[in-house]
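Here chain A shows up in two complexes: once beside chain B, once beside chain C.
What follows is the complex of A and B.
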């Protein structure tokens, strides 16, 4: 017989309340895990897409914080960028989320400069790439092909113009697998943004060092007012959707933490009110007040740890399940980080301590003779 | 923190002008009680309901705090003992009228409850105590499956598990029929002699107080009379 077994026994003998408390905590923890892993997945997916393209620097408008930066005329800045040291290629990219089928959710449509290095990381599974800027064809990601039920040779109507599927490709980035890619010229035409791009991708030569990258960033800031050169990671950090999803996950952590602590607090307070005489017996039998505190806090930590563990599994299931929903496919690729999951377990323990401490101190302060008289 | 006896002649426990008042002095549960209890003595405290018997036991057992007066255990005042719960655990065993066993624990686990948080393996000792009290075949039984007499024997084993020198028993046979009461008292008597325990027992039962070395009669929170056997 030890304190842990005694605490477990106390929880076991009130199965309904224990189950309800664990359920409430696990739901809160599940929300934390699901939202955070989705937010991180969203960030990681964009990061992966940018990294896979081999882009070293991205030039965009300073004020751009939308999902895709606001468009600008590429030729305003391209000549200046091309003249910078170590710059090999400056490639425009225009992107929008568009509805291409009534039966499927909106998808990302990218316009990439024909023949640029951006196409090189994609693996063609079927068909071919667009032959030139004037051809009204596109390539679709394997996931988009599945979602839109399209094959090579099929037609896709976008913004009133019909495109033929020339090829189906595979990318290491989920966001590209669920996207449609056409030449930049075609994309500018259908979105009515001639000559405009969201970003300019810069590929540097192999000799460029970190110091060179910093120097280019500084030069862009000095010579191109209103523009900024950043790495793909910095661009993702500026992304409004990434920032909103992170803010939501932080808010969920706060709310779930508060609700979790209150649920445990309420449960433990009710429990010790019902067990006043029992606690009186323990004190009469010579239990030290700190042992009573350990027991009550121990019980609440067991509750929150169980809730935390179940919540983590539930959160993983929810985030993974959401990624398979038709509406979310190709947009969510939740990332489950082991240190984060351990941190969530740590949060559970913290909630148990916070929620159990006051009831524990209240129990330990009972006068044994009065507690023994309690019915 | 087991407190040794300073000398065989010294009392194990003494109270001086012990009082316990409630409602700002309107209710006087104890009013200036002076008693001395010798080592290995069996003292019965009797008196009508509400005379202060249980209040006196609670104060001796450190379950309550006196309004005024002193209690000394082997010449040491309670006020100098520091952690009273530790003192209680090491020196005093309680036996209650309504047993106060934990219903979800087996007989063996109930006996082990006072040892939780105390270093060492106490299970063998708990088994031996229950066997000594005739409960070797009831170790895994829950209180709900035990008779009144068996429950009180479990409570006695629990009171003895930390090897105290002083047993405080509040109407230990009050919930038992006469046969079970006699059996429990016989066992308690045997163990008291074996271990040279001091027993202070509150009782209404004249047949129980007849077994005591000394009977302290109380009335209205005061000592009314003391009768030695």
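What follows is the complex of A and C.
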């Protein structure tokens, strides 16, 4: 009988304890996988939305850390930005999360400058785009249309004003699919923010290099006090919600790791105590102490590996399932990266080694004569 | 030099009925309220004492809070029963609050209104929004308390002005946040009119905390939950924002 089979048999001999330990580990791992994938998905979704629009740089207020930066008067900075080298377009964006239906959770409502490049990446599925700035119509993402049960021609009341659904679009970014988009002028009117935007999107020409982007960033910092020019990735990194969700997932990894190691440690220690006589016999039969250590650590690694694998599947199921809940639809787009999942499996093995090492050494140090005396 | 400054500070606030510590705290609260222009949109939901829920409504508050003059304009956003209904008020240096109400149409009639009246059948009261009690001369610190686990200093504000709808206010102030976590308003017979409690805060761009969720519990146990869902700390007040108020003088 090889050592692996021997270790497996030992775990089969105590099915209840093995199942409980595997369950505890899998729950911890599932929490790690679900939270981390949601945090990454949230970050990726915003990044994707910004990238899909073709924005090279974003200008916003320095203190802005909320999901949507604080509004400012666009004309305070737009002329200076337009004059910078390589700048093709400077386009304002105003956004808020608003309740538009009693039966649905709040949705993102975007106001985009009419005729700007921001609209170009959206694929119109039905209807048309707003004809001009003055038209009180909007376009809604396919997911938002589904959630709000709206189609082209329907009315949507936003902040006391009725808008007609002119078109339904599809975007590669989940955050846009679940959103409502109207012209910037309309958005400024309904939110009582005339002339204001959350961010200014800058599109550069094809000749712009990374050095040019850095130069623009430096120039904005020097010439426009209180404002900052950043890439979409940097904006997402500054986002308070992204930072909180990342901190939460890191904390979960730490707690789950600690609890997992302690659970394995406890299980293996109890197992060793119960099997003192058995280990004594093995040692008396000529087993090397190294082999006993391998056996015990092997058992704990099998436990954590099984817990890790089940936990990963459970975590994927939880994160995917949450995305289908009515309350979460359009807000969660979990990202599962294969390297991360392998890293989680690696973490499981590491927990097994950590949790099983002391009990294994304790077992290996047993004196056969004393161990055999134990009842 | 520092001693002289401290002495000057103490002398400044050594008004009758105004302890030095209370004076500093009250001044801090007054300063924290100052704004050249702000806008906040909020949703309010009222539950009557018998458990009946009124339809939630949204409103927008635009304000200018200066040392000399304070002005507020409230606009009903939705549903239909509040849409296009405006209430505007100003508080002058003498402490008097004048308020009017009017409709969306520019030609609509402008009527005088009672600043101490409930707004849109909810626990919201225009008078409370001015925080008039911070300007009363009688202020004292009554110890400390905790609101939802947060330590706060109890400040009692009192006025002998017979015209004031509220005679005494007991505020529990989070000194660091410069925010009253719980405000209890009493009438001249010392009967509790309502309690305003901060349920959730949000950090403003300036770093200061502001109330995001509030609960207003009235004497008859009617409760109003208010949630601020949008705000602008640097709102540009237009010339016509307070036009109705100015023209009604």
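By definition in this document, the second predicted complex is superposed on the first by the 375 of 375 C-alpha atoms of A that agree within 3 Å, B and C clash if a C-alpha of one lies under 4 Å from a C-alpha of the other, contacts with A are read in each partner's own complex, and residues count from 1 in each chain.
Note that in this section a residue touches a chain if its C-beta (ideal position, glycine included) is under 8 Å from a C-beta of that chain, and two chains touch if they have at least 3 such contacts.
A quick note: this is a predicted structure, and the numbers were derived from the prediction, not measured.
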item	value
Side-by-side fit of chain B and chain C on chain A, or clash	fit
Which superposed partner A:336 touches (first chain B, second chain C, both, neither)	neither
Contacts of A:358 with chain B and chain C, given as first, second, both or neither	neither
Touching partner for A:71 - first (chain B), second (chain C), both, neither	second
First, second, both or neither for A:291, with chain B first and chain C second	first
Which of chain B and chain C A:117 touches, first, second, both or neither	neither
Chain B versus chain C as contact partner of A:6, first or second or both or neither	first
Contacts of A:368 with chain B and chain C, given as first, second, both or neither	first
Cα-centre angle that chain B and chain C span when viewed from chain A, reported as a multiple of 10 degrees	130
After fitting on chain A: smallest Cα gap, chain B-chain C, Å	57
Interface residues of chain A shared between complexes with chain B and chain C	none
Chain A contact footprint on chain C (complex, rising order)	39, 41, 43, 58, 60, 62, 76-78, 83-84, 205-207, 229-230, 232-236, 238
Touching residues (chain side chain A, partner chain B) in the complex	1-3, 6, 9-10, 12-13, 277-278, 281-289, 291, 294, 367-369, 372
Complex interface listing, chain B residues touching chain A	58, 61, 63-65, 83, 85-86, 88-90, 92, 94, 96, 100, 102, 104-105, 108-109, 112-117, 123, 158, 162
In the complex with chain C, residue positions of chain A that touch it	61, 63-64, 70-73, 96-99, 106, 157, 159-160, 191-196
